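I have a structure I would like to understand better, so I am pasting it below and will then ask my questions one at a time.
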Amino acid sequence: MTREEGASIVEAILFTMGDSVEISALAKAMETESKEVKKYIEYLKEKYSKEDSGIGLIELESAVQLCTKKEMYEYLVKIAKAPKKAVLTDSLMETLSIIAYKQPITRLEVEKIRGVNSDHAVNRLVEFGLVQELGRLDAPGRPLLFGTTEEFLRSFGVRSLEDLPAIGTVQVEEFKAQAEQEINVKLDI
Amino acid sequence: MTREEGASIVEAILFTMGDSVEISALAKAMETESKEVKKYIEYLKEKYSKEDSGIGLIELESAVQLCTKKEMYEYLVKIAKAPKKAVLTDSLMETLSIIAYKQPITRLEVEKIRGVNSDHAVNRLVEFGLVQELGRLDAPGRPLLFGTTEEFLRSFGVRSLEDLPAIGTVQVEEFKAQAEQEINVKLDI
Amino acid sequence: MSLEIKLQVFEGPLDLLMHLIDKNQIDIYDIPIVTITEQYMEYINAMQKEDMEVTSEFLVMAATLIDIKCKMLLPKEVNEDGEEEDPRAELVEKLLEYKMYKYMAYELKDRQMDADMQWFREKNIPKEVKDYEVPIDFSEMLGDATLTKLNEIFQELLKRQEDKVDPIRSKFGNIEKEEIDMDAKTLYIKAYIREHSKFSFRQLLEKQHSKTEIIVTFLVILEEMKLGDIEIEQETTFGDIIITSRKAS
């Protein structure tokens, strides 16, 4: 068996097994001595050290294993972790606005205001890093309290929570006026 | 990116993923054109053709996958458990060959050629992942259309559907010749 | 002529025919239909004796063979081009097509055995890659969501709450409460049948408004038909149904 042949067999075995393989096991499968196998491993290591190889070989005690070179991780991430596009849907925006203005707030309170179960929306916002757990409410069941994060302030260009656009009775009056106006317009037609 | 670098990245991705990877997905991860990726694949194929490589590369329609070279089989069976393959009975093979050559095809058309109800056979092939539903025929009853899968290509060592063993008048003529020969043999006795 | 077939299982009638043709070393283009039909029937009989399942497909083929046999005895039919038609032609074509795919199946099986020697590997994503979290692009995520918009959305929510309008149900259209007393409906239709000797189904439906009412009406008509109280006629598909009552007073 030439060094090249020997190396190709070791490569094929390590490729299929995935896991680490004992040098003695390789020797047995190839019907040769461990000493010979080590030569083939040396050959492979040299082959893998070249620029055209994305694979490397790691030696663990008396075993060997193939692995991807570390430099390749950035490409692996792109293909193994296709990013799910983060988008703030209407329901997420609604939930976020409630949490922003009413914090600290429990999931149940959010649900009451929106009229629909909002667990999923709250979880997504936490995942996105816009909302965080603030602690637990001292009430039966000790529900979690949620509030906005620093990332929320940064993303929306707010320096602090006091900087959030004001809300209050004035606005409510405006809506009322608006609504009446709409009705008048309708009547005018 | 040099050819060597490109090839090493393709190798690392294919090695890690194990499964087949679309060339377009490789191109996206590498932020380049499919055309470029194909060059790297060619480079890899050449590299793997050398004696010191136990790995090979197979092309499946528009995807690629790493595999061991056939010559390594004798060593692999000594050390690893052979991957479990679906055992195909004659009736499954018959049905599969009809689907492979006549796809997209309905259950009824398969039945017409075989002369027997083939629903069970088709279902088994779908279970084995060799056959898949392709959609529905725009005809009364909107029957399902079936075709082969990528797993079929892999299992049968076919690179694409065009690569299937040729079929046609040549075979028919051969049958004719065979039949005539058989008659002569009979007469000779 | 007796046939020594160890009863083997065939994939279907075509498979059995192919076997008989091969066994007799017959030219597929010139099948001696009498001999083959005899042997085929013998096999079918043997199958029945052995309590093997003779599926309908085998019987259909038997009928086809006998049909061909009869046609062979008659003067040959001539097609549009003035050529004599061979009654066996269609069967031969079928057999050839079947034989071709059977042959391709062997060819594929060879390929499979060859391909079985190539091994693949399992997905093996390094821990670092697995643990990696894709960073969120906040500006992309926010899109056109601004502070003002956030405020507007919240105001809108408060307004909705004030109106005490259920945000989900308010989006529904008007729902009328349906009150159908099934028993009353049934009694009504039965009475109608007694009062009218002949009427159309559409006529009966005129007084029904909702889908449920129509369904109930239809079910009652079916029930009455089963009981033999009425007779139903429909001349064309989707045409009106004429109901004749036998109980009309």
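Should a chain be cited, it is by its letter among A, B and C, assigned in written order, with residues numbered from 1 in that chain.
Criterion: a contact is a pair of C-beta atoms (placed from the backbone, for glycine too) under 8 Å apart; a residue touches a chain by one contact, two chains touch by 3 or more.
Computed from a prediction, not measured in an experiment: that's the story for all the values here.
**Student:** By CA centroids, point me to the most central chain in this structure.
**Tutor:** If one averages C-alpha positions chain by chain, the most central is B.
**Student:** Work out the mean Cα position per chain and let me know which chain is farthest from subunit B.
**Tutor:** A
**Student:** With chain centres taken as the means of their Cα atoms, state the distance from subunit A to subunit B in Å.
**Tutor:** Inter-chain centre distance comes to 35 Å.
**Student:** Taking each chain's centre as the mean of its CA atoms, how far is subunit B from subunit C in angstrom?
**Tutor:** 29
**Student:** Please compute the C-alpha centroid of subunit A, do the same for subunit C, then give the distance between them in whole Å.
**Tutor:** 44
**Student:** Listing for subunit B: what residues touch at least two other chains?
**Tutor:** Answer for subunit B, listing residues that touch two or more other chains: 15-17, 66, 68-69, 72, 76, 80.
**Student:** For subunit C, jot down the residues that touch at least 2 other chains.
**Tutor:** Within subunit C, residues 119-122, 124-126, 129 contact more than one other chain.
**Student:** Write out the stretch or stretches of subunit A touching subunit B in their complex.
**Tutor:** 2-5, 7-13, 15-17, 21, 25-26, 28-30, 43, 47, 50-55, 66, 68-69, 72, 75-76, 78-80
**Student:** Which positions of subunit C touch subunit B when the two form their complex?
**Tutor:** 11-15, 25-29, 55, 57, 61, 94, 96-109, 111-112, 114-126, 129
**Student:** Would you pull the subunit C residues touching subunit A in the complex into a rising list?
**Tutor:** Its residues touching subunit A are 119-122, 124-126, 128-130, 132, 134, 136-143, 145-151, 153-155, 157-159, 161-162, 166-168.
**Student:** Looking at the complex, which residues from subunit B come into contact with subunit C?
**Tutor:** Spelled out, the residues of subunit B in touch with subunit C are 15-19, 56, 58, 65-70, 72-73, 76, 80, 82-83, 85, 88, 90-91, 93-94, 96-98, 100-101, 113-117, 154-158, 164-165, 167, 171-172, 175-176, 179-180, 182-183, 185-186.
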